[in-house]
Amino acid sequence: MADPMRIRANMLGDKVEVRVLMAHEMETGQRKDASGAIVPAHFIQNVTVTHAGKTVLSAQWGTSISKNPFMHFRFKGGKPGEKVTITWVDNKGERRTDEAVIGGGS
Amino acid sequence: MKRLASLTLLALAACASGPSDDEMRDDEMRQRAEQVFRESFTRGNPVIRARVEQQDDVQALCTRYRNDPPKDVAAKIESEQAASIRYPAPGHFLGDWRRGEKIAQDGYGMRFTDPDTKRPNGGGCYNCHRIAPAEISYGTVGPSLYRFGALRGTGEAVQRYVFGKIYNSQATTACSNMPRFGHNGVLTEEQIKDLVALLLDPASPVNQ
Amino acid sequence: MSFPRLLPAVLVGVLAASVPCVCQAQDDTQKEVERYRQLLAEGNPADLFEAKGEELWKTPRGPRKASLEQCDLGLGAGVVKGAFARLPRYSADTDRVQDLESRIVTCMVTLQGFKQEDITKNPFSAPGRPSDLEALASYVAGESKGMKLAAPLDHPKEMEAFRIGERLFYRRAGPHDFACVSCHGENGKRIRLQELPKLTDPNDARKIFTSWPAYRVSQGTVRTMQHRLYDCYWQMRHPQMDYTSEASIALQVFMAKYAKGGEIRAPGLKR
Amino acid sequence: MNRREALKVGGGAGALALATIAGLIRPGEALAQQQWNKAAFETKSVAATLKALGGSGSTESAQIQITAPDIAENGAVVPITIESAIPSTEAIAILIEKNPNTLSADFDIPPGTDPFITTRVKMAETSNIYAVVKAGGKYYHAA
């Protein structure tokens, strides 16, 4: 199973600032291994961030997002103590969902 | 520290009664370190291992004096290393600067991940030197060589000097940080001539 | 100083729009590289390894189905906090000077029953083959973040290791005549765009020695101090250095002497 | 079918979001039904990507700011921030002109979320970076 994400969610004024790191190889499908064989593409295709049942960000990614992806964004309407939930799904159908509690001012 | 080391040597030279206690301990420590070195690279490629276990005289002296040998030792190293240089025939120092640029960029060769193929070794010159202006990713361990020919001239005497410097850097500076590319068989005569051209050919981007 | 075996299918990208002019090339390049690093510092993927390492540390594993929670890293069984700030050091139970990785291996063998040969055969990760040791080292090092390096280095074996490390630091060998000091003996130098620390200068040593393990963006993984030394010897045209070999630890004792007092910033983030 | 088209006609993801709010399905399940714009991610030029995203008539805008270092020490990890000052920004896409596949990422920005995103991309070689913004149903771009 995929390793957990690291999510930091903190209030910045009236907004929630979210920074997330995901553990994923993000294989392009163009790299060759030591024996010269192509390593099949393996990458996150969809990311969804929800807060209080509402999607606050959704993304589609291609193979050119860096390994161990990082994302930073801000949304309105969250309060300290509430949860932010992030889910990714990759091209092999593997998925991972993690959540973080919104902290006070950062 | 460096000054102390050379004084110790002079004192030793003047003393006929054999090595001092300090010198004995130093020698013991040297042997102990050599043993640790041998026991710490046991799994590597045996060819590469053999190349590093045994130091040549120059390597041993530069290690001992931490690259700052006393004058007499330096002079001896320089004259012996100068004698080892195999120069090309007069008038044939300049190769092709375009090939030289490739060699200067290339760090390939003699590392444990470099497969033993016919691919020639690189010089890796940009690791330490600024050379052609288009390459902004250059090192500063060695001096900038940008405009080398424009500043120093491009005549045969300079060509011969540059060839010798790349072939065996320690012929001019004992214990220089720069590899002895020709002497140690890292680069061929042809490759060194291409590098001479990179620095000295008036058409080379180095001299624009 | 890239590591071609591990580099992804992409190379250094320089944005065409603004290649700096020749006159200020060096200054501008340095400034942009600094900016690049600051942008990356916003999220260090080493965090992922710390989290994984903590989980591994606390999970019963190995033939004995034991966790590493009772591991003695030098401050007593079970003390992780601050342990990295006191390494490398002499351990009476093994009668050896040990670094972080060597001590983790000792605990994996004695507590969990792993075979030393098995865990040290492929200690560094490769694409598709993660390394427990990289994660474990990240976790333990991270538990000393903000503390000052205070390895005692006064035991006779530690003092002997220092003298051996010192000799090895200056030892020139191989077809390129390289020694550690070839790259790490002067201030303000760099290889390509990578600045080189002068390891015998406390100002440099304090910053560098305490920032490994580190996430290396060029390799997409955390690399440890053992890997840093192995990689240096690769560049020096030496053979593969044995994992946790005596030379690797002697060199760390040598460096640690100059790095004492430096604030632990591991796991760091590097090119 | 192109997911953008689905959004335009007001079905697809919009309906799923409602279902999530109602607690009918968990976010993970909603994701499984989410689409990935294969056609757009396989394009090999800026023009083709714009076309695949439905933004062929896109106009250049000074209200889109792209922040990236001029020099990336390593092309495997290039930090990029896109910020749009165009009112009603709904989506932000990142395009790398010289990459084997031009489109790198496409972010949907719902109301309440800042039109601002930072991520990290791989660059195969020195290249221009384009940002494409969809706002109020129209497309804008910047390089």
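Order as written gives the chain letters A, B, C and D; numbering starts at 1 within each chain.
By our rule, contacts are C-beta pairs under 8 Å (C-beta built on N, C-alpha and C of every residue); 3 or more make two chains touch, one makes a residue touch a chain.
No experiment lies behind these values; they were computed from the predicted model shown.
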Graph separation of subunit B and subunit D (steps between touching chains): 2
Any chain in contact with subunit A as well as subunit D: C
Pair with more cross-chain C-beta pairs in contact, given A-C and C-D: C-D
Chain whose average C-alpha position is farthest from subunit A's own: B
Whole-Å gap between the CA centroids of subunit B and subunit C: 28
Distance between the centres, which are taken as Cα means, of subunit B and subunit A, whole angstrom: 49
Computed distance of Cα centres, subunit D from subunit C, in Å: 38
Shared-contact residues (touching 2 or more other chains) in subunit A: 28, 30, 66-67, 70, 72
Residue numbers of subunit C (touch at least two other chains): 5, 8-9, 12, 14, 20, 29, 42, 193, 220
Residues within subunit D bordering two or more other chains: 71, 76-79, 118, 120, 122-123
Touching pairs - complete list by chain label: A-C, A-D, B-C, C-D
Residue numbers on subunit B that touch subunit C, as the complex places them: 29-30, 32-33, 36-37, 39-45, 48-49, 51-53, 55, 58-59, 62-63, 66-67, 110-113, 126-128, 130, 133, 136-141, 177, 179-180, 184-186
Footprint of subunit D on subunit C - complex, ascending: 7-18, 20, 29, 32-33, 35-37, 39-40, 42, 193, 217-218, 220, 271
For the subunit A and subunit C complex, residues of the former touching the latter: 3-6, 19-23, 25, 27-28, 30-31, 33-34, 39, 66-68, 70, 72
Complex contact set, residues of subunit A against subunit D: 15, 26, 28, 30, 45-46, 48, 50, 53-67, 69-77, 85, 87, 89, 91, 95, 97
For the subunit C and subunit B complex, residues of the former touching the latter: 1, 4-5, 12, 14, 19-20, 22, 25-26, 29, 160, 163-164, 167-168, 170-179, 181-183, 185-186, 188-194, 196, 233-235, 237-242, 245-248, 250
